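Each in C-alpha cells, the structures are laid out below.
Note that subunit A is present in both complexes that follow, paired respectively with subunit B and with subunit C.
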Partner chain A sequence: MADTDRKDRAEVEVPMGMVHSALLEPFRIRLFVDDEVVVDAEITYDTAHRGIERIMEGMPIQKGLILTERICGICSHIHIWNGTRMVERGLGIDVPQRAHHIRVIGNELERLHSHLLYLGHAFEILGHETFSMRCFMVREPVQNILFVLSGNRVHYTIPVLGGIRPRADISHEKRQTMFSMIDKLETDLREFAARVLNDPFIVSRIKEIGYLSKEDAVKYGALGPNMRASGIDFDWRYKLPEYRDHFDFEVIVRDGGTVLDRVACRVFECLESIKIIRQALETLPDEDPTNVDFELGAMGYSTSYNEAARGEIYDSCALDEVGRIRSYINRTPSMSSLSAMEVSCIGDHLTDASITIASCDPCLTCTNRMTVVDEKKGTNYVMEPEDVLRLARRV
Partner chain B sequence: MMDWIDFAITTVCIPIVAFVVSTWLPGIMRKIQARIQLRIGPPVLTPGFWAFFKFLYKERIRPVSPMPRLYHSLPVIGIFLMFFIILLTTPAWETVLTLGTLVAIAGLMKVEEMLYLFMGNLSKSILSVRMPYPDQVKGAVMKGKVRRFFEQVAVVRTFKLISIGSFPLYIGLFVPAVMYGSIGIMAVASAQGFDPATFVLRDLFSLDPLIFTVPGAIGAIAYFAGYLVILNEYPFSIMHTKADVVEGPTLEYAAWARAGYYLMREVTIFVMSSVFVTLYFGIPPMIGWALIPHIILVMLLPVGAAIVSAFTPVLTFKQVYPLSLGFSALGVIGLIVAML
Partner chain C sequence: MLKEISRKNAVHIMLVYTGGCNGCDIEVVNAVMSPFYDLEQYKVMLTWNPREADILAVTGPVTRKMEPALKEIYAAIPEPKLVAAIGTCAIIGGPYANLGGDLGSSDQIVGGVNKVIPVDAYIPGCPPRPEDILQAVASVIPILAGKR
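Then we have the complex of A and B:
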C-alpha cells in the first residue's frame, strides 16, 4: 500500500505530551495510527522559552558568554566555547594552543557524558532498567573527570576570551589522575558497549525501526550523529583547526539510518572521544594557556560553528564599541533533528515511535518558544520575548 | 461436621495468609532487581506492605471516569477472584464444594484478565486527549477522526495479550491434567503423592513432583512465560509501558483505589505462583504443615520473574507474538509428551 494511502487511512490520533513520562523534554507528539502502526506524526515544541537571546541584548560579552553556558545543563561547555570562539574570531584574538587542547578535552568529555546520558535514557524508554542504571554507572566517572578538570560536574565554565580559566588548567598531577581515570572509563565503556550491541533483546527492539534515509536526513536537516547514522559523512570537528590539525580520530558513519544505527553511532563516538582526550593530554603544549593581550571593542557580525554532542551548533552576534552584545543568535541542533523524526517514526509501532523520537537526542531547553493557551477565553498565542520580559517585570 | 469446620477455617485463614505473604513479594522482587542493578533497593516491606497502607490513607480523589464507582470496584473484584482461585485449590474446599478444577481456574483467570479491559475503558486521564493544547487550531495536521486515550490504546493491547500473550499459561495449566488424566486439582496433587489427611513435613521427600518429569519441566517453562504475561511484568508489560501509555488502564487509580490495585497485583503474584506449586510440586495450600513448603516454593516464580525482568526491555507485539507462539508450541510439546 502506498504511503499516501496509509496516511489517508489514519483515523485514530494518539496525542502524547507536553507532560509525559517518556518525554524528559517538554514537547508534544501527535501520532496518527492505523491499528498501532504510525502512519503520520506531528511534533510540536515551544513551551519553555527562557528568552536568553533577548536577555543577552546589551549585556557585556563576558557576562553573556557565561549565560550561554546556562542554555543547557548537558551541553554547557560547547555553548560557552562556541560563543567565545565566535568573539575571538570576530576580534582576531589569538588563543594559545594549550587552551585549545583543554577546550577540546572539555568538549569531548561533554560528548561522552551526553552520549551516555542519551543511552541511559534510551534504555529507560526501552524499559531496560538494568542497562539504564549501568549506563549511568559508566557515566559517573566522566562527571568525576570533569570535576577534576574544572572543579564542577555540570557547568564547567572552562573557556574565557583568549584562553581558559586558570582553575581548568591541567597540572602534571591532574594529567596523571585524568589518564588513570580515562583508562578505567575506556575499559568499562568497551565492556558495556559490547554487551549492549550484542544483547538480542535490545537489538531486536531497536533494529529496523525509525528509519531515516539519507535523502530525508538532508531534506529535514538531521544533524550530528543522527545525520551520520544515515550515511552522511559530515562532522564540524573535521573542519575546525582546533581538531583537524592536531588529533587523529574517525568520524563514525553508518548507512542503516535506523535507531540501532543512531545508538551504535553514539557508542562508537564515545570511544573516539576517549581517543581524542588521550591525544590531547599526551600532546598538551607547555605554555601559558591564556592570552590577555587584546582589547574589547566594536565587532562586526561574527559567526562560529562547532560540533556539539547532538550536532551542529551555531552562534553569532555583533558587539558595540564598549563590548556589549548586539543581536545574539544561538541555534542548536535539536530543532532540525527533531523535525526529521516526524518522518523517521512513520511505520513504527506506537511504542517504537517513542524510542525513535528520543533517538535523535532532543534537547528542548535550547530551542523553545512559548505558546500560551487561555482555556477560559478559548484563545492561544505564541509568547514573544517582550511578553516574557513584561511578565518578568511584573514579578 | 469436621469438613465444614475445616472449610470455614480455610476460607478465613488462607486469604489472610495470601494477603500477608503477598505484601512481601513486590519488595523481594524489587530487591532482587536492585541487586542485579548493583543498587541497594528499597526495604523489603516498602513496595508491597507499606505502599498499600500509604495509599490507603491518602486523600481520596475522584477518578476521571464515566463510571467511577465501577472503576474503583474492579480491583476489589480482582482481589476476591484471586482469593477464590486459591481457595479452589485447597483440600478443604475440594471436600465440601468439589469445584477445584483446572477449568474453573482458567475461567476465573480469564475474568481477571478481562478486568483490565474494563479498567482501561473506564479511565480517561489528563495525560493524553484531555491535556489542554491547541492541537486542532488552523494549520495543524487534521487527520484523526478519533482521538484515543492512552488507556484505550492499552485496552487494545490487553485484548491482544488475552488472545495470544497468555496462551502459554493456559497450556501450562493443562499439562498436569493431561499427565494425570484429571482436571481435578486434588487429583493432580494426589497423583504426585500428596495426601492432605496424613501429610507431615518429612513426606515432602516422598512426593513425586511433576516438575521433575520431562512434560512437567516443559509445562513449567510455558506456565512461567504465561505468568509473566498475566502479571504484565517485563518483558511483557506493553499494556502499561512507560514509553507511551504510561500506566495504561490503571492510570486513574489513586489513594485507596491504588492501594486496592496494588493488593490485587500482589495477590495475583502470590496466587498464580501458588497454583503452580499445587500443580507442579503437588503441594496445595492448606492449614497445616503443607503450608510451610508451599509458601517457600511460592517464592520461586516471583524470584524468576524478577530476574527475567531485570534483563529484558519491554517487548512490542513484533516480539511478543513470536515469543508467545514459541512458548505455546513448547507447551503443546509438553502436552504431547504428557500424553505419551
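Then we have the complex of A and C:
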C-alpha cells in the first residue's frame, strides 16, 4: 500500500519493533496519518516463521497431518481436516458418513470459540471490559464441549486418514452430555448476543467506521465473514458435500461493510453453528467411523478448500510412492484478511483504526506495534498500548 | 524491601510469544486470566511492561528473529525474577525444532527457551491445561514473596 519513500522514512523509526512485536503476536502495523486521519496503512509479519512447509517435505503423510494442526492454536481442527480431506480426495479413500458428521461438529465448535474470542478482543479494544469478560465466560463452555468431544482443549486431532480417531467417537453418553452442554450454551449465547447488538454504547462506537466496499473486498481478497459482511454471498460450506447434503443452515450476508456488520455477522454465525452441531448430533449415523481399508501410495497433485472460522483455507500436496509428502502448500485464512485490513482503515480517524483492524481479524489486537507517521510534520513515533487504548476510548 | 511489600498485593506476569501456534498464549490470556479460571483472585495480574513484571511467561519455540528480543526483555525485568516456559515448544522446541531422524534441528528455530535465557519453571503440555498453569503460578507466589 505505502509508496517507497514513506516506507523508507518509517522503517528507520522502528528500532523497537522486535521488542514490541514480542507482545502476543508477531505483526507490526504502521499507520500513516495526516492530521489524525489515516491516509495509508501497512502491515508486516515475519517473526513467527517456523518453516512448517519445509519441515513437512519428505515426512510421512500421517505425521505431516499432525503437524498441520500445530500451525495455529485457534483454527487447529480445520487445518488437519482440510489436509486429511485433500489426501482422501487424491487417493480416493472412502470416509464413513459418521466420521464426516463428527468432523463437522469439530469445525463448528471451533468456529464458535474463534468467533467468541474475536468478540471478546474487540470489546477489550473498545474498553468495554465487562462485555469482554462475559464473552470469555461464554467461550469457556465451548472449550469444555471440545474437551468432552476429543480429550483436549486446543489441539483436538479428530480426523485421521479414512475417518476419525477412536477417542473422538461420540458414544451415547457423550452425545447426551454434549446435548445438555449445548442447550446451556445456546441460552447463554442468545442472551449475550441480544445484549451486544442492542447495547447503545457498543453499536454507536462501531457503526459507520472501517468501511470495506464490495469492490475492495473482491480486489484485496477479503474472505470469510469479512467478505460476507461486505455483501458477497460466498461460503465454502455451501459447496462441500459434507455440509451441503446433510445440514440446513443459513449463510449470514450483510451489505453494510462496516465494523458493526463484521461483528454482527460473526454473532449470527455463532447461532447458525449451534444449529449445525445440533443437527449433526441428532442425525449421527450408526456405523463404524473409521475406514482402514486403503493403501497409501503415489498421489498426484491434490487440492482441497474449506471454510475456516476466518475464511477460506487451501491445502495442496503430492505424495511419493511410500506416502511421503512432496511440496506441501498451505494458505491460511488470516493471510486473506490482512490486505483488507490495510484498506478498510483508510479515511477513518486514527482512533477508529485499532478497532477496524481488530474487526477484520482477531490476531491483530496487540496494538502497541503501531508506528504513527505524521506526514505534515514529517515525524513518526511508536505508540504505546495505553496511548492507543486511550485514543480508542476517546477519553 | 518495597518490592516485597508490594508483591504481597500484586504479582505481575508478562507473557511473551516467541513464535508458537497461539494455543498456549490463548490458554493463558483468555482461559486462565478470564473469569472462569480467574487467576486475578490470587492477585496475579497480566502486564505488557517488562519493567513492571515479576514472572516472565514464555510460550512457543524461540525463532531466530525473536532471540534478541527475548534477551532484551529478560534484561529489562528487575530482579528477582522468575521465568516460566509454558508448553512443549517453549521447553524443548516442540515439533518445529526437533525434526527427527537424520534431519536434525531446524534452521529457523533456536530451540527451547532455556537455550536463550535461564528458566525456573517448566509447564508441559500441548497446550498445558489451565489448571496446571494455575497451580504453577500459585506455587511460585510464596517464592516471590520471600516466604520460601
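The definition used in the following text is that the second predicted complex is superposed on the first by the 337 of 395 C-alpha atoms of A that agree within 3 Å, B and C clash if a C-alpha of one lies under 4 Å from a C-alpha of the other, contacts with A are read in each partner's own complex, and residues count from 1 in each chain.
Here is the rule we go by: a contact is a pair of C-beta atoms (placed from the backbone, for glycine too) under 8 Å apart; a residue touches a chain by one contact, two chains touch by 3 or more.
Fair warning: this is a prediction, and the values are worked out from it, not measured in the lab.
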Contacts of A:133 with subunit B and subunit C, given as first, second, both or neither: both
Subunit A: partner with more touched residues, subunit B or subunit C: B
Contacts of A:280 with subunit B and subunit C, given as first, second, both or neither: neither
First (subunit B), second (subunit C), both or neither touched by A:143: second
Touching partner for A:353 - first (subunit B), second (subunit C), both, neither: first
Partner chain in contact with A:73 - subunit B first, subunit C second, else both or neither: second
Which of subunit B and subunit C A:51 touches, first, second, both or neither: second
Touched partner set for A:155, first subunit B, second subunit C, both or neither: second
Common interface residues of subunit A - those touching subunit B in one complex and subunit C in the other: 18-19, 21-22, 133, 137
Complex contact set, residues of subunit A against subunit C: 18-19, 21-26, 46-52, 55, 66-67, 70-74, 76, 117, 120, 133, 136-137, 139-140, 143, 153-155, 363, 366, 368, 385
Complex contact set, residues of subunit B against subunit A: 33, 36-39, 127-129, 131-135, 137, 140-141, 143-148, 150, 153, 156-157, 234-235, 237-238, 241-244, 246, 310-319
Complex contacts: residues of subunit A adjacent to subunit B: 7, 10-22, 28, 30, 32-33, 36, 40, 42, 44, 123-131, 133-134, 137, 201-202, 204-205, 349-355, 371, 373, 375, 380
Subunit A-facing residues of subunit C, complex: 15-27, 29-31, 34-37, 48, 60-61, 63, 65-66, 68-70, 72-73, 94-96, 99, 103, 106-109, 126-127, 129-130
